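Across the two complexes that follow, subunit A remains constant while its partner is subunit B and subsequently subunit C.
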Partner chain A sequence: MYKFKFLYSKMIQYVLVIFLILTLNFLLPRLMPGSPLAYLAGEDVGLMTSEEKQKILDKHGLNDSITTQYIDYLSNIFTGDFGFSYQQKVPISDLIEDRLPWTLLLTGLNLVISTILGVIFGAMAAWKRGTKTDINLLTGFMFLSAMPSFWIGMILVSLFASKLGWFPVFGAETAWADYQGMERLLDIGHHMILPLITLILISVTTTFMTMRYSMLNVLGEDYIQMAKAKGVKEKTIKYKHAMRNALLPVATVFMLSLGFMLGGATVIETVFAYPGIGRLMFEAVVSRDYPLIQATFLIITFSVIIANFIADILYPLLDPKVGKENG
Partner chain B sequence: MDKEKWRSYWKTLTSSNLGLIGIGILITFFFIAIFAPLIAPYDPSERIAPPLMKPNGSFLLGTNDVGQDIFSELIYGTRVSLLIGIIAALISIVIGCLVGVVSGYFGGKIDSLLMRFVDLILVIPFLPLMILMAAFVGPSFWNIILVISIISWASPARVIRSQVLTLKTKGFVEAAKSIGTNISTILRVHILPGVIPIALAQFVMAASHSILIEASLSFLGLGDPFTKSWGTTLYYAQARGAFLTDSWIWWILPPGLLITALVVGFALTGFSMEEILNPRLRKGRS
Partner chain C sequence: MTILQVENLSTYYKTDRGEAQAVENVSFSMKKGEMLGLIGESGCGKTTVAQSILRLIEYPGRIVSGKAYLDGIDLLTAKQDELEKLRWKDISVIPQSAMNALNPIYTIGDQIVESILIHEDVSKATAIKRTEELLEMVGIKKNRFKNYPHEFSGGMKQRVAIAMALSCNPKLIISDESTTGLDVLTQAQIIALIKQLQKDLGLSIILISHDLPMVTSVCDRVAIMYAGKIVELANTQDILKHCSHPYSNGLLNATPDLSNPDKEVVSIPGSVPDLVKPPTGCRFYDRCKARMNVCKEESPDLKEIRPDHFSACFLEGGGYYHVQ
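Right, the complex of A and B next:
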């Protein structure tokens, strides 16, 4: 019952966020100075007679009342119709269908690998707190998080792809090579290594910091001292007692950092010309393809909200305290 | 606030090595920004040499694709990156303070409404949202600042609110209230002095975030093409394929190092400020 109430209030919050985002997205092109035609249809208004203008306004429903427009807009989005990309001359939903799997593959792998690495290094630093290992890890991660993510990617491309030629410079697979089966899989993996490493480098810090902090807290608990006093083996204390209990906050970060990662993917995919949603957003920005910018923004944001909601459903299962406190 | 207290803050700040390094870095960059015209050998907007020259005696970092001196471009870029970072951080902290103080002090419905709104903003992935808005408002110096600060105030607002909540329960605030002191006096005399140090630490952190965000936005081509920041330089380097030749060493590497150094400078200063304000942290680190 408590759990249900907690989820219910969370759900209302997410419905509000979605509503806020959809409304912002609807209003932006209409609030900007100048004709919304430039933003919504990519038409050059300057060269048109007012009759032509009216025709196109009618065609796009821009002469309807603002409420009708809003309702149309909402119903379109809920049926998966994001409109038409006037630069790439295809329905936006087709583009998204092509690009989304690449981003999900990249972010999914990144999420798993960077979490594992962050947990291992975080636990290590906390276990050896105050020693050289701890301080080196802390400084290393601090510098890493001070670097612009795209710049790390640019350096990796320059060094390992262009200079040394170990990896391809751009793309997700070799074009027109027509690889099949295993060969294709290897090709995709080969293309993914550098963007994936870049993403991991920028994402691992959050997990590391969370794990280190949480582990330090756990190590101060009475039962750890007790176990030590009883003469339990160090390895058992570290893995069985401390690490397991310290993992809980990491679970929250795991899902919450998805938003950060998808945001990061926008710049990283741009560096590597990786054909994901982020790169699509960049292409849309460069060609000022406003409907496409809006659609990619919505897709990224919806993915983050869905991930957050899943995290909220799973979290009370991991930590029985949570549902009750907030209920 | 009394001078004694500030002096002790400053002493603690500079007594830790990290804080000192941070402040040192910041002072260096401020110096470069202020004296840019004296340090830079050329006007960065002037085409003064053949394009894509290698570094040599007169062009320390070579020239870019249109024949401008990259070294001078970076020196002047310090001004842009630093200014955008600081102004954006300042605006977000002012909004954050306003929301945080109102929310924390008055509580009740206003509080839950404002905090609901803050939560809403924090759920949205900030970079895509900023890209969306920047694309609509167009690339310019002030628009970048607007886009960054309009979203970045949310998390400082939370921190400041919780500080106000702690202050509110302190005896002197209760006492002032009970003798009928008016709200503006309570806020000015009792609440603000407790909020300002926290706000300063938040400001320094926000500046380091803003600099990174500005770099990302500029790299995506959303920066002002006429006042080039370090991120804009990297955008052109990427667009002209600098990573395909050796020119990455003088065209890509230096701007990134500068961004990293500046962010580290702000972060170190911020960390040690937080340590001063939160003595529990000082014990926590060994």
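Right, the complex of A and C next:
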């Protein structure tokens, strides 16, 4: 009963947040400078009469009052209709359907791999606090986090893709090659390696630092000394008693990153011309493609909300204290 | 029968100014089934003695020298894998703050079962049954097996810690200020519980505390520590009636007596010496009312002044005649 009540009040909060986001999302592109007309009509816009211009704006509903536009916008969203992209002249839902899996694949893999690496190295550094291993790891990860993501991406592209030719320069798979099955998987993997490495390099440090710090705290706790006094083996102390406790803050970082999965790879997707949501958003902003901008922003913000919701449900499973407080 | 024999134990801590001689040349022994009180003000090295015996001293601390024979095996030179077997099976601890000594993400039952399964070749079902019996023994209902530490009060966590210390029938239990942070009533209950279990199960216990009346009310023998050394060691009755060392006397005089409300409580003036550069002579020299010239030059050894009564003082009879 309490559990239900808790979920119910959470739900109301989320509905409010979603409504606010929808409204902001509607207003934001309309507050930006520049007119979409040029992009709607292409280069011909200079030759058009004002009547013709009005016709185009009418066609896309841009001459209606703000309220009408807002109501249209809301009703369309709830029927899953994001409208047509001004620029690409295709239904936006098709575009998103195309792009979403690529981003999810890339950032999902990054999230899993960088979390695992960060946790392992963070725990190792803390376990060997003050030794060479710790200092080397710490310096290495600090160095990585200090480098801008686009720069790492460009270096990797120019070295491994252009110079050495080991990896493709752009895209998520070879166009028109029409590979099937295993061959296609390998091709996708081959394309993904460089952007994935770049993403891992820039995101692993956060997890590493969080894990190292949290593990250091846990290792100073009385129950670790108690476990030693109990004759628990070093390995068991490290994994069962220390790491399991130290994972809680890492889980928070993980949940936060989960929310930024879709939007967080924009720069990398642009550098590697990777056909994901981030790049779609970038293209939309550059060409002032209002409906597309709205749709990508919306998808990204929704993913943050969904991640929060997942965190709300999962956290009690990790920390027995949280579960009891909520219910 | 002697269960524990500690000889010339010294443990130092590295500091920025040099090594602090936290425990210097401590020797004592205890018999099976005995309850030995280890007493002294904070910073005098009580806990360091306990942690040295348990081999839990970590950097910046190190055991400089000494031996600690538990039933004939030297704990201080035992190898790591031997040590892992010895710990808890032979020597267990009721920790200083049970609040933090239990892992927050495992149920208390699981934590006790863990210690049984590490050391004994029994099935999990047997270990669970044993854990439930232990919990009942310390006054916790067995249906709380599956509760997490944060669902218990401080006193109950302390009971859980006692159950855990008993889980492998150890030869020796060290209770390290086990009642710190508990209210007076709960303290009394916990100490009574420990005493009861000691009598019923014939346990050998070292009770570390700074609470002199509490220690003298439950312990068979008492060792009084000052600045890293044992200054007096005797049966409880001897300590109370024939207290000899000037520091022990100071300690007794500084304790209010319920049966004698008119007693004047006198504190010991001064403060403990710097253990990084301890005095060459007696460590109590600066604060001692009966100091002599020799006390400044030489450090007194613990010597037997009466049968089974040891005192480390140059005064005649280890200070006894001075006091009388």
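Everything below uses one rule, namely that the second predicted complex is superposed on the first by the 258 of 327 C-alpha atoms of A that agree within 3 Å, B and C clash if a C-alpha of one lies under 4 Å from a C-alpha of the other, contacts with A are read in each partner's own complex, and residues count from 1 in each chain.
Simple rule for what comes next: a contact is a pair of C-beta atoms (placed from the backbone, for glycine too) under 8 Å apart; a residue touches a chain by one contact, two chains touch by 3 or more.
The shown structure was predicted, so the numbers you read here are calculated from the model rather than taken from an experiment.
Student: Could you let me know whether more residues of subunit A are touched by subunit B or by subunit C?
Tutor: The partner with more contacted residues on subunit A is B.
Student: Taking the superposition as given, does A:Gly231 touch the first partner, subunit B, the second, subunit C, both, or neither?
Tutor: Touch status of A:Gly231: second partner only.
Student: For A:Asn245, decide between first (touching subunit B), second (touching subunit C), both and neither.
Tutor: So A:Asn245 only meets subunit C here.
Student: Which partner chains sit in contact with A:Ile77 here, subunit B, subunit C, both or neither? Use first/second/both/neither.
Tutor: In the superposition, A:Ile77 touches no partner, neither subunit B nor subunit C.
Student: By the touch definition at the top of the document, which applies to A:Pro148: first (subunit B), second (subunit C), both, or neither?
Tutor: In the superposition, A:Pro148 contacts subunit B only.
Student: Please indicate which partner A:Val286 is in contact with in the superposed arrangement: first for subunit B, second for subunit C, both, or neither.
Tutor: first
Student: On the A-aligned overlay, A:Val17 touches which partner chain: subunit B = first, subunit C = second, or both, or neither?
Tutor: It touches subunit B, and subunit C stays clear.
Student: Using the superposition on chain A as set up above, list the residues of subunit A that contact both subunit B and subunit C.
Tutor: none
Student: Inside the complex, what are the residues of subunit B that reach subunit A?
Tutor: Per the stated touch rule, the residues are 116, 119-120, 123-129, 131-133, 135-137, 208, 212, 215-216, 219-222, 231, 234, 237-238, 242-246, 248, 252-253, 255-256, 259-260, 263-264, 267, 284-286.
Student: Spell out the residues on subunit A that touch subunit B in their complex, using ranges where they run on.
Tutor: Those in contact with subunit B are residues 13-14, 16-17, 20-21, 25, 28-29, 32, 39, 129-130, 142-143, 146-152, 154-155, 157-158, 161-163, 169, 216, 259-260, 262-264, 266-267, 270-271, 281-282, 284-286, 288, 290, 293-294, 296-297, 300-301, 304-305, 308.
Student: If we count contacts the way the header does, which residues on subunit A are in touch with subunit C in the complex?
Tutor: Checking each residue of subunit A against subunit C gives 221-223, 225-233, 241, 244-245, 319-321, 324.
Student: Please output the residues of subunit C touching subunit A within their complex, sorted ascending.
Tutor: 54, 56, 83-89, 92-93, 95-97, 100-105, 114-115, 118-119, 148, 150-151, 164
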